[in-house]
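In what follows, chain A forms one complex with chain B and a second complex with chain C.
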Partner chain A sequence: MNMATDFEPIIRLSAYIGGGIAMGLGAVGAAIGEGYTAAEANMAVSRNPKISGDIFKNMLVGQAVAESASIFALVIAILLLFLETPSAGELKAAALFGAGLCMGFGAIGSGVGSGFPGGNACSGISRQPAATSRLTTNMLIGSAVCQTPAIFSMVVALMLIFMDFGKAPTFPTWAALIGAGVSTGLAAIGSGYGGGLAAGASCEGIARQPESVGNVTTIMLVGQAVAQTPSIFGLLVSFVLLFKSFPESTALSASMALLAAGLSTGFGGIGPGIGNGMAAEGAVRWVARNTEHAGDLMRTMLVGQAVSQSTAIYAMVISLILIFVV
Partner chain B sequence: MAIEGADLVKAAAFIGAGLSMGLGAIGPGVGEGMVAAKACEAIGKNPREAGLLTRTMLVGQAVSESTGIYSLVIALLLLFVV
Partner chain C sequence: MEAIRHTQKKYASRAMVAGICVALILILAGYRTLGKGVMLGAVFSVINFVLIGATLPFNAGRSRKQATAVSFGSIIFRYAILAFPLVIAARGKSFDFAATAVGIFMVQIVILSEHAWKMIPLIVHKRS
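After this line comes the complex of A and B, so read on.
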């Protein structure tokens, strides 16, 4: 194996490609989300120009939170570009590429989603200036929860960058590392976007009925928590792929099973995450309009979300079969 | 590493299973969420019919779920039968 000790060029190659993917895809979500916030802020200022200062302040705070997803991507991209990897094995190349995929995909949903509470809080302030501080607080809580899928992605990306894979067999561990990145990254898209839908509806609802703030914030948090579960499934599959040791096998099928495990939970989390967010959006919006029936609405929301969640669970089951059974 | 025919077929079946279940889960997830959102809206407008609306929501979601179950069946067929 002496001839194959110098893996530095291939590691640099995949680190650069990974860094490009991380920042390129990572910029998509935050830019769209902040654009939505700014568009709503403009509408709000035209509706109520007298409080344009408050609206402007709220817009900037909301955009700053939405920006954090792409700042995570920037951090990972800079690490991938400039981190030295002395004496790392060839598996590091797969790990760094996986880290880039994970952070790039993972920042999309959170960036777009955080834009909704920001925008709806701005238009709420123009309608109901007395509720400004409640709206800003609720916006911050809601958009902070939206960031969790991006934070999961950053955690997995950092683990892929800094963990030592020196002793693991190259085949099929390379596929496990890329699968780990894809699983958390893709699954974060739906959860981030869905959490944003719920948070946006809660800001709109509080502006409509400021005294409903307690009920609205509670049901928003419950709905967002359920909407996060697909990204937690993604994180779980990533951890299994990162920490399980796989027996050496040069068969293509052994590698492809691990890559497919990541793809299944990753793609499978997108739909349920968005769907759970839609269900929470509907429930939050109508709790604000009809506070007495918050109990009925919460129950229907949870039942609907549970059904919507089922396909994410199927996807996780297929992933676990691919990892542990076949 | 030498790739043999049987190995290649198995590899393709695994990737197919992962993509089948992964992509197949997107539609039902979004669709069922829409159903639940509209059910919540309808209960907000007309809370007395909450029971009927929840039942209708569940029937609609069950139909929407079917494509997800097709994906699951195809994935399991690819993993264990083909």
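After this line comes the complex of A and C, so read on.
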């Protein structure tokens, strides 16, 4: 690394801690997701050993896609450990630490969530071998969409790593940078997990009623899209914290207000993300049993998600008050 | 396990071909470090994919907790290997880091592209 001499130790320290957090937390979600897929595959093989080859194939492909979130975390961790940051100021230390937090937290939900479609597809193949191709395709779509919150986290982490904060005042900008990291990172947990619930239920639904694949996939995608909203709120607050200029203030309260803004939307997004995923899971599961009422189920899901979303909106409003008013 | 070997062979060979083609195009266009980065990443993406298949027998026939523990160990081991090309790209100037990062997703890109390609006729048929 080639850093400004005065701040080199603290920047290096932050980058190493950030890298450790990014990879450590990033591995947790994918491991749980892959473990779930493997466990369901075991059950599927014991139920229908004759098609164990198809089940293992599906498990292999599902696990390969499911671990994308933790590979994002690996990329960020390596960047944090080896990136050259020439002439970086002390704010870079906060930015690199925030980047590690953002990617580490952000990979958890997507890692766990993308294990659900993999596991349920294996289970579905054992019940309905004729629908193997449809189940694998649906599993991959669901699993890929689950990665979106982790991608948001990676984008914010990259911005924190590469943006130049040289002209900004150290106080309170350091708190804004860490707040930007935790806002997207934490909010992504719920959205990733919730999206996985919807994708998992869709595989179960297709196995139950293969002809319902069109309705099931459509409702899954709509449900997943709405489940991503809390992580978009997190992303929005992160962008405000990254791009807004804050007047210099050595008062601790000014810094804490910006950190709290990130924490508010971050924590506030976890529950609604999971709740939205549960609403989508229910709609997807039941539309496979009753395709004639797909429209009614979609409307019920959307209304339920809108209400579940309200707490994330409250959290975002508090964040914006903390940023612009306090 | 024959089915796993067949799947691994199919996607690993496609990922390698895709990596070589992209790398050749980039090198011929004058972006040598980008091309080398994609190729390096693709090679390790394939190694990672082969290792996922190699650890599958350790998952089979175990409880959910044991399968999760084995997966966690497998991830740590495979990511230590996946980190190798990224460290080389980050420390030296021969390989572009961003291109190497894209390269390590080559197997995932090939899997998703194949299924997206299969869906196109279905969507066209449905619309007509």
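Note that the second predicted complex is superposed on the first by the 321 of 326 C-alpha atoms of A that agree within 3 Å, B and C clash if a C-alpha of one lies under 4 Å from a C-alpha of the other, contacts with A are read in each partner's own complex, and residues count from 1 in each chain.
Following the convention adopted for this analysis, contacts are C-beta pairs under 8 Å (C-beta built on N, C-alpha and C of every residue); 3 or more make two chains touch, one makes a residue touch a chain.
This is a predicted model, so every value here is computed, not measured.
A.B. asks: Would you mind checking whether chain B and chain C clash or fit side by side on chain A after the superposition?
C.D. replies: Overlaying the two complexes on chain A (C-alpha atoms) leaves chain C and chain B fitting together cleanly.
A.B. asks: In the overlaid three-chain picture, which partner chain does A:64 touch, first (chain B) or second (chain C), both, or neither?
C.D. replies: In the superposition, A:64 contacts chain C only.
A.B. asks: Taking the superposition as given, does A:192 touch the first partner, chain B, the second, chain C, both, or neither?
C.D. replies: A:192 sits against neither chain B nor chain C.
A.B. asks: Can you pull out the angle centred on chain A between the C-alpha centres of chain B and chain C, to the nearest 10°?
C.D. replies: That angle rounds to 170 degrees.
A.B. asks: Looking at A:289, would you say it contacts chain B, chain C, both, or neither? Reply first, second, both or neither.
C.D. replies: It touches chain B, and chain C stays clear.
A.B. asks: Would you check which partner chain A:142 touches, where first means chain B only, second means chain C only, and both and neither mean what they say?
C.D. replies: neither
A.B. asks: See if chain A has more residues touched by chain B or by chain C, and give me that chain.
C.D. replies: Ranking chain B and chain C by residues of chain A touched puts B first.
A.B. asks: So, A:35: does it touch chain B (first), chain C (second), both, or neither?
C.D. replies: Only chain C is touched by A:35; chain B is not.
A.B. asks: For A:181, decide between first (touching chain B), second (touching chain C), both and neither.
C.D. replies: neither
A.B. asks: After overlaying the two complexes, what is the shortest C-alpha distance between chain B and chain C, in Å?
C.D. replies: Least C-alpha distance: 25 Å.
A.B. asks: What part of chain B is in contact with chain A in the complex they form?
C.D. replies: Touch list, chain B to chain A: 1-3, 7-8, 10-19, 21-41, 43-45, 47, 50, 53-54, 57-58, 61-62, 65, 68-69, 71-72, 75-76, 79-80.
A.B. asks: Inside the complex, what are the residues of chain C that reach chain A?
C.D. replies: 1-4, 6-8, 11, 49, 52-53, 56, 59-64, 67-72, 74-76, 79, 82-83, 86-87, 90-91, 97, 101, 104-105, 107-108, 111-112, 115, 118-119, 126
A.B. asks: Flag every residue of chain A that touches chain B in the complex, lowest number first.
C.D. replies: Listed in rising order, the residues are 171, 186, 190, 194, 230, 250-253, 255-257, 259-279, 281-283, 285-287, 289-290, 292-293, 296-297, 299-301, 303-305, 307-312, 314-315, 317-319, 321-322, 325-326.
A.B. asks: For the complex, give me every residue of chain A touching chain C.
C.D. replies: Answer in residue numbers: 23, 27-28, 30-32, 34-36, 38-39, 41-42, 45, 52-54, 56-57, 59-61, 63-65, 67-68, 70-71, 74-75, 77-79, 81-83, 136-137, 140-141, 144, 214.
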